[in-house]
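Quick one: structure below, then a few questions.
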Amino acid sequence: MDFSPILISMKTASAAIVFTFFVGIAFAYWVVNMKHEKVKMVCDGLLTLPLVLPPTVAGFFLLYVFGVKRPIGKFFLDFFGVKIAFSWSATVLAAIIMSLPMMYRSARGAFEQVDPNLLYAGRTLGMSEWSIFWRILFPNALSGILSGGILAFARGLGEFGATAMIAGNIAGRTQTLPLAVYSKVAAGDMQGAYQYVLILVVLSFLVVTGMNYVTYIYQRYNRR
Amino acid sequence: MDFSPILISMKTASAAIVFTFFVGIAFAYWVVNMKHEKVKMVCDGLLTLPLVLPPTVAGFFLLYVFGVKRPIGKFFLDFFGVKIAFSWSATVLAAIIMSLPMMYRSARGAFEQVDPNLLYAGRTLGMSEWSIFWRILFPNALSGILSGGILAFARGLGEFGATAMIAGNIAGRTQTLPLAVYSKVAAGDMQGAYQYVLILVVLSFLVVTGMNYVTYIYQRYNRR
Amino acid sequence: MKKLQVDFRKRLKNFDLQMNFAMEEGRLGILGASGCGKSMTLKTIAGIVTPDTGRIETGKTVFYDSAEKVNLTPQKRKVGYLFQNYALFPNMTVADNIAAGIRHAKRKDKRHRTEKQNVREQVKNLIEQFQLQGLENQYPVKLSGGQQQRTALARILVSRPDILLLDEPFSAMDSYLREELQIELDNRLKTFSGCSVIVSHDRDEIYKLCSHTMIMGEGSNIIFEETKKLFNQPRYMQAARLTGCKNISKAERVGPRTIRATDWGVEFCIDREIPKQLSYIGIRAHDFIPADVNDQRRENVIPVFPCGITKAPFEWTLLFQNKENPKGNMWMKQERGKEQIPEKVWVDQSKILLLE
Amino acid sequence: MKKLQVDFRKRLKNFDLQMNFAMEEGRLGILGASGCGKSMTLKTIAGIVTPDTGRIETGKTVFYDSAEKVNLTPQKRKVGYLFQNYALFPNMTVADNIAAGIRHAKRKDKRHRTEKQNVREQVKNLIEQFQLQGLENQYPVKLSGGQQQRTALARILVSRPDILLLDEPFSAMDSYLREELQIELDNRLKTFSGCSVIVSHDRDEIYKLCSHTMIMGEGSNIIFEETKKLFNQPRYMQAARLTGCKNISKAERVGPRTIRATDWGVEFCIDREIPKQLSYIGIRAHDFIPADVNDQRRENVIPVFPCGITKAPFEWTLLFQNKENPKGNMWMKQERGKEQIPEKVWVDQSKILLLE
Amino acid sequence: GAKKDDSKADDTKATKTEETTESAKEEEPVTLMVAAAASLQYSYEDKLIPMFEKENPNITVTGTYDSSGKLQTQIEEGIEADVFMSAATKQMNTLVDESLVDKDTVVDLLENKIVLITAADSTLDLKEFTDITKAQTVALGDPESVPVGQYSKEALTNLGLWDEVSAKASLGTNVTEVLNQVAEGSADAGIVYATDAATTDKVKVIAEAPADSLAEPAIYPVGVVTASKNKEAAQKFVDFLGTGEAIAVFEDYGFIQNK
């Protein structure tokens, strides 16, 4: 069995979740604090969008945006020497785009459930908005945020359609676990497919349970 | 342009969200109230699972479970005369399985953020657990739950891989919008694809915004 | 017949909560220092917190018994519990919050129409009694503290509990409203056949409302006594302090009828029998009486060395020490009007509290 | 120089909140019925609620000015606000909650080490002062009501605000602790150069702690006065009621020096000048004095028809009506000891409050 | 049961590493990327690439396998493939027209047969290709995007059956789907390449499409991508695929040499 998909998948999912986690939270914070109700709803709709597109189609659009021949892809290539499409960064990009809505949405719901008096209290105590965010809003929304993180991580780990399109299925470079599973299945090698599926499941199981455990430990204060 | 995919998708996503919404909430409630921390974590892992499987692979498993030759599929066929695979019910099944983790996870996070004193208060007032759930826990977790609902709905609307596998791609019967988009894109008919994508986006946008609006109206009590 | 018997033990972080008391019909007031376990005790009775061992029962039902593994749900206990922070449902208006407290008879027994009518009427009555008119459709975030508390009280009373547990029911109300609602509650409780437990920091409130009073030390009940008796003869140092005795001093017996208050450097003569376990004495600030310079009394008279004066609206407080042997401060309270610092003060020996 | 000038208007659901007052150094107490807008006023000053129009400023800074479109963030206002429900951070221990209040000097100015040391020390001091020892690492859900309130107080004081806004700072504490902490706060506030505003339902508390008192009616300030003066001459009916005057009656002038209290059916003679706008009179329950049967006084003496007696620990209350013209109830309070129902009571005409 | 021979593949790999280290001094090491239709993956990975690398120690070959249509898009969008092998001429022709593949290098290397399949344990008594009309549900590749779908449609149209069949057809988005749907009995019958049918024993082949039903046979063309930076090596690989040795391997996997 080839172990490279495991490594690639882990690297991809980890890199993606780090980005998604913070960016998703940032978007959620930004949208929650919007004054204008209509703009808010529109932004929300836009951020939820990648979820309704079939991943393959989302992959297409990504390819049209980040392909080496398209302006943005070209820009990255020319100025940073980074080739996005068909490289490892493309697997990360796909995972990010497909999991961001979950992170964003979960974080938003979580923020909305926090008692606003706590935030006011922080403000009158002279805490900066930054530390109010990190020390009050964030920890008190943690359950919901971690739920989102788990969703986003799992989605990133399982991302297939968009990855196959924008990153290709290059063994040892962009072949993630889901792609490897797919390849095995396509070749009728169910045995091999099951092995990869098992790894995928165990991996995600470990991470999810680990995240649950962290929440459990961290939220001592909520237990009675 | 063929309009049947629109209808099928709408029917599928609606049917799926109704099921997912309540079942996801029920699972969340069940897991949140588990006494045993370890069992809790394991159940959580299992319920998050479908998210890490590439949809196509998830479709496989569904096919293996609900195929007419397999016990469950056979049971349905023999006793109810329902052939799950290749029917409209299969599109719904695929949408449910793929969107359930989001609903479950979001609802769980939302429940955990509700002040337990409110539940105790309901109990001492003699409210049944049933009405405590619907009149206290649920409305106070609404932000998070609706976030989950939006995620789940969008995911159901966009579900492609598992649907193609278990429901097939039968025009007018099981061809949902994502499948139609995929066909168009794969055939290089970008014009046709854009039309369907537009419909998909508008549809999900309407529903997401509608849901946001409902939350907004419903949560008057939270505004100051 | 005992209406409420409580005997349990529960480990808390800093100490063990160990309660053991029984009460008949009537009202029990609980006084205790902040954090001594008053709210926890109520929560245990209500079934929100499960004790480690013990037994809690009413005449009718066993709520909890660790030996028999009984642990009724809060619903089945029919206990009304006023949370210290009210715990109003944020998603319901005032009227809905109150209506949420109504325990419905079995659905099928009544016609739905009449019941709905009934609910509306009950809620309306309570809203009036608790002066919440105009706020029926307001949500809790938009209520003032006192309004929240009144809503919570109304919600509990409408649920017709067998036992009422009130955790500082009037703390957020202004004195005027408080007195009105105390009278209101008093009247309601007169028609209430079950027993009720009231936690309060206001000893006057307890005195007015409760037939019996329990004093709690850290984690356990020290005294359970008829209210009047307790306020007159607190017997324990904590009880004296919590019933408002300002002057408490360590004391030792130095003669057959003489006690020395070591903190103040004063000796007192007592004609009553002096209990063996005496270790403190207490004198209420009101019980010091200015003595004329030419007063003939010799016993229990203290020459005054004044240290400070504070004035409250209707009384003034004198802080003084023993002029001949200045040590700890004593407090003396006087009604306004006679605002003159006396040379000596006297205390009737029958007013001196002998405490354990 | 005015230290705090407040003048704003804000639509609330049931009424408009319209406040206009200015205070110099010192402490302002606010008394007002439940729901009249006290907490809202504090929130507006703190910057949590934005008024519709107006101007709020201190000597140093303009907090809010609708005309100039100034609206400082709460952070910049440096206002310490004690929330009525404390608003402790549930995710932080007691110590962390208190430390959260510390405003850091610009990071680079100090060495990190010493600052950390400093924080720990400040927190430790406050924990001791507020008697929270042993609870440093407890989370708020596990604190009793009083412990929560003390933590919140400590957290605010550590943030060294320019202005202190305390919303019922001692409501959840038992009387003993309350008095101790009042003294503690009093001392702290003496060294505090800014001004502070205290909302309380306890008029004694206001009397003890505040140099000035403001009485609020529904949505506006009725009086702003030196505390002592206000308690002696409340001038307004609401003020009299909120400063604890039990007996208030509608009144009308019936002669050059005669007033009839229509609710009680009693006439009183007054030698002072009687204000034009007189519409109520008030008599404090303590100011009725038992008159001997053979008393020679003829004016302001009421024959007593007793209706009820209640006893508080150190005083008893007599409810009575005018025997010759029984109408509304009057309250009379007496110290314990002289527990005899008098035939007549007399009131010193200088003690009769003439109210608008 | 897939056809593969792990032990042999491992052997060749092991020898290759040794040789690469030796010959590295002589020639610049080159890495080739082959973009090939998914159905070619196992013949490539297990046999052909190891064989080629053994012959050319300085060349390492990596592969990306997916549906031909997707690969076409990816080449259009600049994937750094050197060699493209499609499962149909349509994609290759498009790329040649766009000058993305060198016209001169294109070879119509292999031919594949389309076959009618049913589940191995099917009770339907199908005998001929035209019996497909007896099935209640049919799984086909999507003619718009899946090469085998195009051929299926063409064959059925020529046989005059398309209208009847398409009414009860599920158009799979890839061949794997079609295979599994038939194997699991979701569809009573399906049409796939003979090579696909050979990857699993859960389906049985009923019949090949009649010879005259296809105007042109199903051709697998291969060519060098214009943008390739290693054209020489790429051409070497294409040439290697045409050798008898390589053709023999393809035939092992069920392909037929196109003549």
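Order of writing sets the chain letters: A, B, C, D and E. Residues in each chain are counted from 1.
The rule is simple: a residue touches a chain if its C-beta (ideal position, glycine included) is under 8 Å from a C-beta of that chain, and two chains touch if they have at least 3 such contacts.
Quick caveat, the model's predicted, so the values are computed rather than measured.
Peer 1: Provide the labels of all chains in contact with chain C and in contact with chain E.
Peer 2: B
Peer 1: How many steps does it take, at the fewest, to get from chain A to chain E if each step moves to a chain that touches the one before?
Peer 2: Step count on the best path from chain A to chain E: 1.
Peer 1: Which pairing of chains gives the most C-beta pairs in contact?
Peer 2: Chains A-B share more contact pairs than any other pair.
Peer 1: Need the CA-centroid distance for the pair chain B / chain E, whole Å please.
Peer 2: Here chain B and chain E have centroids separated by 37 Å.
Peer 1: Between chain A and chain B, what distance separates the C-alpha centroids? Give it in angstrom.
Peer 2: The mean C-alpha positions of chain A and chain B differ by 19 Å.
Peer 1: Averaged over CA atoms, how far is the centre of chain B from the centre of chain D? Could you give it in whole Å?
Peer 2: Taking the average C-alpha coordinate of chain B and of chain D, the gap between them is 55 Å.
Peer 1: Quick one: report the Å distance separating chain B from chain C, using the average Cα coordinate of each chain.
Peer 2: Result: the chain centres lie 54 Å from each other.
Peer 1: Spell out, as numbers or ranges, the residues of chain D touching 2 or more other chains.
Peer 2: 85, 142
Peer 1: Out of chain B, which residues touch more than one other chain, so two or more?
Peer 2: 56, 60, 140, 179, 182, 222, 224
Peer 1: Which positions in chain E touch two or more other chains at once?
Peer 2: Each of 70, 176 in chain E touches at least two other chains.
Peer 1: With touch defined as at the top, which chains are paired up in contact here?
Peer 2: Touching chain pairs, listed by label, are A-B, A-D, A-E, B-C, B-E, C-D.
Peer 1: Per the contact definition, I'd like the list of chain C residues that touch chain B in the complex.
Peer 2: Residues 43, 46-48, 73-75, 77-81, 83, 85, 87-93, 100-101, 103, 139-142, 155-156, 159, 161 of chain C touch chain B in their complex.
Peer 1: Write out the stretch or stretches of chain B touching chain C in their complex.
Peer 2: Chain B residues touching chain C: 115, 117-118, 120-129, 135-136, 139-140, 142, 220-222, 224.
Peer 1: Name, in rising order, each residue of chain A that touches chain B in their complex.
Peer 2: Answer in residue numbers: 37, 40-42, 44-45, 48-49, 51-57, 60, 101-102, 105-106, 108-110, 112-114, 116, 140-141, 143-148, 150-151, 154-155, 157-161, 178-179, 181-182, 185, 193, 197, 200-201, 203-205, 208-209, 212-213, 216, 222, 224.
Peer 1: In their shared complex, at which residues does chain B touch chain E?
Peer 2: 56, 60, 63-64, 67-70, 85-86, 164-166, 168-171, 174-175, 179, 182-184, 186-189
Peer 1: What residues of chain C sit close enough to touch chain D in their complex?
Peer 2: Residue positions touching the partner: 13-14, 31-40, 84-85, 134-135, 138, 142-147, 150, 167-168, 171-178, 201-204, 207-208, 231, 241-244, 284, 286, 310-314, 335-336.
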